[in-house]
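The next part holds the structures, each set out as C-alpha cells.
Two complexes are shown next, each including chain A; its partner changes from chain B in the first to chain C in the second.
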Partner chain A sequence: MNTNSNSLAIPKAVQKFLLLLIVAGSLTFIAGLFLSPRRIWGNFLITDFYILSLSLGAAFFVAVNYASNSGWVVAIRRIPEAISSTIWLSGIGALILIFGIHSLYEWSHSAAIHEEVSGYFKAWFNESFFIIRLVVYFVVWIVLNRAILANSNRQDKHPDIAYTRKNVRNSALFIIFGGIAFCLASIDLMMSLQARWYSTVFPVLMISGMFLSGLAIIIVFVVILRHIGYSHIFTTEHLHTLGNYLLSFSVFWVYLWVSQHLLIWYSNIPEETSYYIFRHFGGWGSLSFLNVVLNWLIPFAVLLPVAARKSDKIMLQMAIVVLIGHWLDLFILVMPAFLGPEPSVSVWEILPFIGFISLFVLVVFRRLRKSSLLPVNDPYLVESLPDSERIVKSRNF
Partner chain B sequence: MSIYYSILRKPIIAGDKKLKDITDDVIRPLEQKPTLLWWVAFLVSLTVLLIGVVAVTYQIKVGIGTWGLNKTIGWAFDITNFVFWIGIGHAGTLISAILFLFRQRWRTSINRSAEAMTIIAVMCAGIFPLIHMGRPWLFFWVIPYPNLRGPLWVNFRSPLLWDFFAISTYFTISLIFWYLGLIPDMATLRDRAKSKIKKFVYGLMSFGWNGSARIWHHYETTYLLLAALATPLVLSVHSIVSMDFATAVIPGWHSTIFPPYFVAGAIFSGFSMVLTLMIIARKVLHYEEYITIDHIEKMCKIVLVTGGIVALSYGIEIFMAIFFGNQYERFMFLNRALGPYAWAFWIMISCNVLFPQFLWIKKIRRNVALVFILSIVVNIGMWFERFVIIVTSLHRDFLPSSWAMYKPTIIEIATLAGSFGLFFTFFLLFARFVPFIAIGEVKGVLKYGKLKKNLTSEGSVKANADVTV
Partner chain C sequence: MDLFSAVFKDEDDLLKVTRQVRDSGYSIYDIYTPYAVHGLDDAMGLKPSKLSYLCFGFAFLGLIVAILSQYWIGSIDWPINVGGKPFNSLPAYLPVTFELTVLFGGVGIFFAFLFKAKLRPGKTAKLVNPHSTDYYFILTLEIKDSSFDSETVLSLCRQNNAVETKIILGNAL
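Coming up: the complex of A and B.
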C-alpha cells in the first residue's frame, strides 16, 4: 500500500493565479529596490518575519504536542508538519535581507548610536556577527524540524514506536534551542530597529505572536481541507480544540502586550516611552488600537461560545482576522521608522507580501501531497480519531 | 472521544482498585485515631506557629522598627516572604483549573491537597502585607469605602491596591473551587459517619448532596465554569505582584518581562512545594497507589518547564542589561553577581537554574528521594530569587552616600518561621479532617489507560485484550 502520497491537488486555475501573484510580487519588489528602497526593505522584513512566524508557529505546535505526548492532535498533525516544512523559505528571505541591512538598521552605519547605547552594543551588533547569527538560527530550526518530520514520515512505512520516542526528544531540543534562537532573532531583526529602545518582554511577546499566527494558519488549512472532502479525518472535535488554542493564545498575546505597554506607560521613562509615543498618536494610534482589536478583542468575543469554535465558517473568519492582525502588528513595529508620523499603505506594502504568501501556500500544498495525510502508524492515532480503524482500512485518506 | 487509549498510556491509579477500595483507602486515615507521628508533627508546627505569634505581637506593639530595615532598604524580608508564599499558592489553582482545561487527568490524585496548600499559602502570604503596614488595625484603609474622615480614598493607580483586589479575588475563587470539589466527598463522609454529630456536621457541609444525575450534571457544569474563571486568575495574581516592583523606576525592578516571569516562577516554586508535600504524604498516608511515581515524574516535568522559563527570563534580563541597558541597569546586574550580595545571587542561580537540570534525566525524575531533595532546593532558590530582586535592587541607592546593607533581625526570622508553622499546622489539620484525595474525581479516572488499541499500517488492529474494565 502506498502511504507516501495522496490525491490532494489544487485546481490548475488557482495554481496559475498564485503563480501570477508570485511574479507580480517579485517584480514589485525589484522595482521597489530602485524606486523606494528604504520602504521596500522595511516591507520585506515584515513579510519575511511574517512567513517565518507562520512556519515556526506550526513547527512549535508540532513540537509541543510531541513533547507533551498529546493524543488529540495526531490526525491533523500532517497539516502543521507541512506548514513547518517551509522554514527554508524565510531562510532564503533572510539571505536576501542581508543586502538590506544598511537600509534597515541604524546600528550598521551610524557610529553615534554605539556610543549612545552601550559599550558592549557593538560586540553584539556588527554586520558580520549579525549574519553569522542569522545563519545559525535557521540551521537550528531547519535541522531539528527536519529531524522531527523525517521520523514522523518514516513511521508511516515502519510501524515502530521508537520514532515517536525519538521525536519526543527532538521536540524537546527544538523547543529549547529553537525558542532561544527565536528570542534572539526577534531582538536582532525587530528590536534592534530602534536600538535606543529595549523591553525585556519583547522576545516573549514576539513568541506569542508567532504561535498565535501559526495556529491561525493551521486553522485555515484545516478548514480548507475539511471543505474539499477530508472532514472525516479532520473532525469538528479537532476544529474545536484548535479553537480553544486560538482563543487562549489570543488572550496570552494581549496579556503580554499589556505587560509591556502598561509598565512602560506607568514608569514613564523617556528612553522607553519614545517607542510608544510615536505609535500612539495620529494614524499610528488608530492602527495600534486596531491591532489589539484584531489580535484579541474580536477573536476573544466571537470564540467564547463553544458553537463558534466548532463552526468552520466562524473559525476561518477568526483565523483570517488574526492573520491580518499579525501583519498589522509587525507593520506597526517596523514601519514608523520608514514612513514617518503618518502611516500609509501602498503597492509596496501589498504586492510583495501577497506574492510571498502565495509562494508559501503553493509550497505547503506541495508538501501536503508528498506524504500521507494521516500518520497511520502513530501510536496515539487511536485517541485522535475514534473512527481511525475503519478509515485506515478503507484507505480513504 | 475515543473509548480506546493508545498503547503508550498507562493507568493513572496503580493496583487493581475497585470503586469501593478507593473510598476505603482515602477515608481510612480520617476514620482512625491520629498517629503518634501526626501528633508530633502537629505539636512541632503549632509551637513554631506560636513563636511566630509572639514575634508578630511584639512587632505590632513596638512597631516595625524591630525589623532590620533602614532608609535605603525599606522593603526586605516582609515582602520577600509575601511573594514567596503567594508563589507557593500558585500550583493548586494551576492544577485544578489549567490542567483541568488541558484534560490532564492525572491531576485528580493531587488536586485536592494542592488546592488546600494554595489556600493556606495565600493565608500565610496575607500576613506580611498586613503587618508591614505598621498599623495593621487600619488595614481597611486599603479598601475603597465611603467614609466621613475627609478625602480618604485609595489610590487606584497603585499596584499595591491592585494586589489587594487580585489576591482577595484569587483567595475567594480558590476557596470556592476547593470547596465545590469537596461537596461530593463530604457526602461520602456523611454517609459513612457513625456518630450523630459527625453525620450532622458532614451533612451540613455537603449541602444535602444526594448523588443524582441532575446534581452531578450541575456540579460538573459549575466546575468547568469555575475552572475557566480561575484560569486568568492564576496569571493575574502574580502578574500584579510583579508590578509592585516593575512599575517603579528602580533598576533591577523595572523590567517589562516581570509579569510572565513571575508567573512562571510562581508555578515553579508552587509545584516544588506540591512535590515536597506529596512525597511525604504518599508515604505517611500510604497513598503510593494513588500518587504514583508517574505522578511525581509528571510534576517534575512541569518543574523543569517552568524552571526553563525562569532561566530564560534571567538570561533575557542579563542580555539586555549588558547589550542594551543604560549604565544603571548594567551596574545593577554586575553588582548582583559580584557585589556584597553575590552569595544570595549565586544561591539563586544554582538552586533555580543549575540543579533543576538534573530533572532531564528520567532516572532522577523517578527517584523519590532525589526529587524530594531537589524540590526543597528549588524552594530555597525561589525564596532567594525574591530576596535578590528586592534587596539587591535597593541597597545601592542612586546616591552613594545612601548605600546600605540589610540584615534580618531575630523578630523577622521568627515571623518567617511562624508562617511556616501556620502553613504546616493548617495542612496537618486539613489532612486529618478532609479527604486528602478527591474520591469522586479519582473514581472518574479509574478506567483511564486500561482499554488500549494499536493500529498498524495494514489497518489490522491489535487490541490489548488482557486488561479490560
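Coming up: the complex of A and C.
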C-alpha cells in the first residue's frame, strides 16, 4: 500500500474551469502590459502580495504551532502545510515584478526624490539592492519552510520524535528571520510606493493582515475537505479553534489599523497625513470604511457567539468576507497612486487576480494529494484527535 | 444531604467513570480536580455558562459610559482645544473607549463569578480531600434516597481504579 498519497482529487470539470481562468488571467495581464501598463503593474503587485500573504500566513501558522508545542493543530496541519508550500508561486511573481519596478516605484527613476528624502534613503532604495533583497527574503522563507515540511513528511515514514524537535527549532528560526524578512518586504514592496510617506507601525499592520488572510484560506480548505467527507479527521473542535483564531486576529488587525490611523490623525504632520487625506474622501473614503467593516466589524459581530464558530456555513462565509476584505485592504493601499482621486474596478483588476488565485488553488490541491492527510506518527496526534488510533489503523483518511 | 466520594489518580479514569455514573442515572454533586480537565463539562452534562452574556453586557456598559463621559467632559463641561481638533471627535475617544470596554467587561465578570461561586477574600475552603488541589481527582455523588445503589457505584469506581471511596454524612461541603 502506498502510504504517501490519498484519494483526494478535484473534479475534472472544475480543473478545466480553473485552467481556463488561468489562461484568461495571463492573457489579460499580457494585454494590459501594452494597453494600460501602470495600472496592470499596480494590480500585479496587489495580486502577488495577496498570494504571498496567503502562503506566508499558513507558513507562520504552522511555525507558531510547532514552536508552542500545540497539540490541537496536528490533525489539520497538512492543510496549512500544503498552502504554505506555495511560497515559490509568489516568488516567481516577484521575479516578474522586477520588470515593473519603473512603472511602480517613483524612487527607481526620480532624482528629485533622492535629494528630497535625505540620509540612507539612496543607499537602501536602488534597483540592484532592491532585487537582491527580494531574492534574500524568498530564499529565507522557502528554505526554512521546506525544512519544516520535509521533517513533517519524513516523520510519516519513520516514527521518531527527533523530527518534531528539529521542527520546533526550525519554526523558531522561521518566526524570527521570516518575520524580519516580511517586515522589510512590506516596506520595500508596499510602503515605498509613496516614498515620502512612512509609518513605523506599518509592517506590523501588514503582518496582522497576512496572518488573518492566511487563517481565512486555511478555514476555506478545512470546510471544503469536511464537506467532501473528511469531517472525522477535521472535526468541529478544530473548526472552533480556527474560529477563535480568526476572531482574535480580526480584532488584532483593526487594533493596528486604528493605531496607525489615530496617531497620524492626532499629530497631523503634513508628510504623514498625505496618505490618509487621499483615502478619506470620495470613493476611496467609502472603500476605507468598507475595509474596516469587512475585515473587522462583520467577522467580529458574527463570530462572537460560540455556535457561529462551530458552524461550517458561517465560518466559510466569514473566511470569504475576510479574503475579500484583504484584497480591498491592498487595493486601497496600492491603487490610489495609479488611479487618481476616484477608485474604479475594471477587467485589469479582476481577471489577472482570479487567474493567479486559480493557479494557487490547483497547486495547493496537488500538494495535498502528495502526502498523507494525517501526520500519522506525530507524537501530539492523539491530543488533536482522541480517536486517532482507530482512524490510523483503519486507514480511513 | 449525604455524599459519596471517590478518589482517582488519572484524569482518563475520572472522565470514564463520570460518563458511566451519569448514564446509570446517579446525580453528580460536584467534581474536584487540581486543574481544568478537558471534556469534563461535557462528561458531567453541564450546560454552557451564561457568564459570557454577562461579560458582553458589562463591556457594552463600559462602551456607553466611556463615550458619554468623554463627550460630556470634552465638549460640554470643559472643552479644551487640543491641536485644533474638534471638541466632539470620535477618533480621539477611541483609546479610552477601548480601555473602558475591556476594563468593565473584565472586572464585571470577575465579580459576577465571585458572586455566583459564593467566593470572597478570606473564605476558608472546605475540601473533600486536601490532595484535590494537588494530584487527586475526586468525584462526589448525591445520595438522595434508597435508590442509591452503593454496590453498583462501588464496583464502577473499582473498575476505573479508584484509590479510595467514602461516604460523607450530612453535607459538610
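We take it that the second predicted complex is superposed on the first by the 396 of 397 C-alpha atoms of A that agree within 3 Å, B and C clash if a C-alpha of one lies under 4 Å from a C-alpha of the other, contacts with A are read in each partner's own complex, and residues count from 1 in each chain.
Following the convention adopted for this analysis, a contact is a pair of C-beta atoms (placed from the backbone, for glycine too) under 8 Å apart; a residue touches a chain by one contact, two chains touch by 3 or more.
Keep in mind the model is a prediction, meaning the values are calculated, not measured.
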Query = Putting chain B and chain C on the same copy of chain A, do they fit or clash?
reply = clash
Query = Of the partners chain B and chain C, which touch A:Val306 in the superposed model: first, second, both, neither?
reply = second
Query = Touching A:Gly71, do we find chain B (first), chain C (second), both, or neither?
reply = first
Task = Once the structures are superposed on A, label A:Ile298 by its partner contacts, choosing first (chain B), second (chain C), both or neither.
result = neither
Request  = In the overlay, answer first, second, both or neither for which of chain B and chain C A:Leu381 touches.
outcome  = first
Task = Check whether A:Tyr266 is in contact with chain B, with chain C, with both or with neither, and answer first, second, both or neither.
result = both
Request  = Specify the partner with more touching residues on chain A, choosing between chain B and chain C.
outcome  = B
Key: Clash with chain C, by chain B stretch, listed 39-47, 111-119, 183-191 or 291-299   = 183-191
Query = Which residues form the common part of the chain A surface touched by chain B and by chain C?
reply = 262, 266-267
Key: Of all residues in chain A, those that touch chain B in their complex   = 1, 3, 69, 71, 117-118, 120-121, 123-125, 156-157, 159, 161, 164, 176, 179-180, 183, 187, 195, 198-204, 237, 244, 251, 255-256, 259-260, 262-264, 266-267, 269, 271, 376-377, 379-386, 388-389, 392-393, 395
Request  = Could you please specify the touching residues of chain B with respect to chain A in the complex?
outcome  = 1-9, 101, 157, 232, 235, 239, 243, 246-249, 254-260, 308, 312-313, 315-317, 319-320, 322-326, 330, 453-459, 461
Request  = Would you tell me which residues of chain A are touching chain C in their complex?
outcome  = 258, 261-262, 265-268, 304, 306
Ask   = What residues on chain C touch chain A, complex-wise?
value = 48, 52, 56, 83-85, 91-92, 94-95
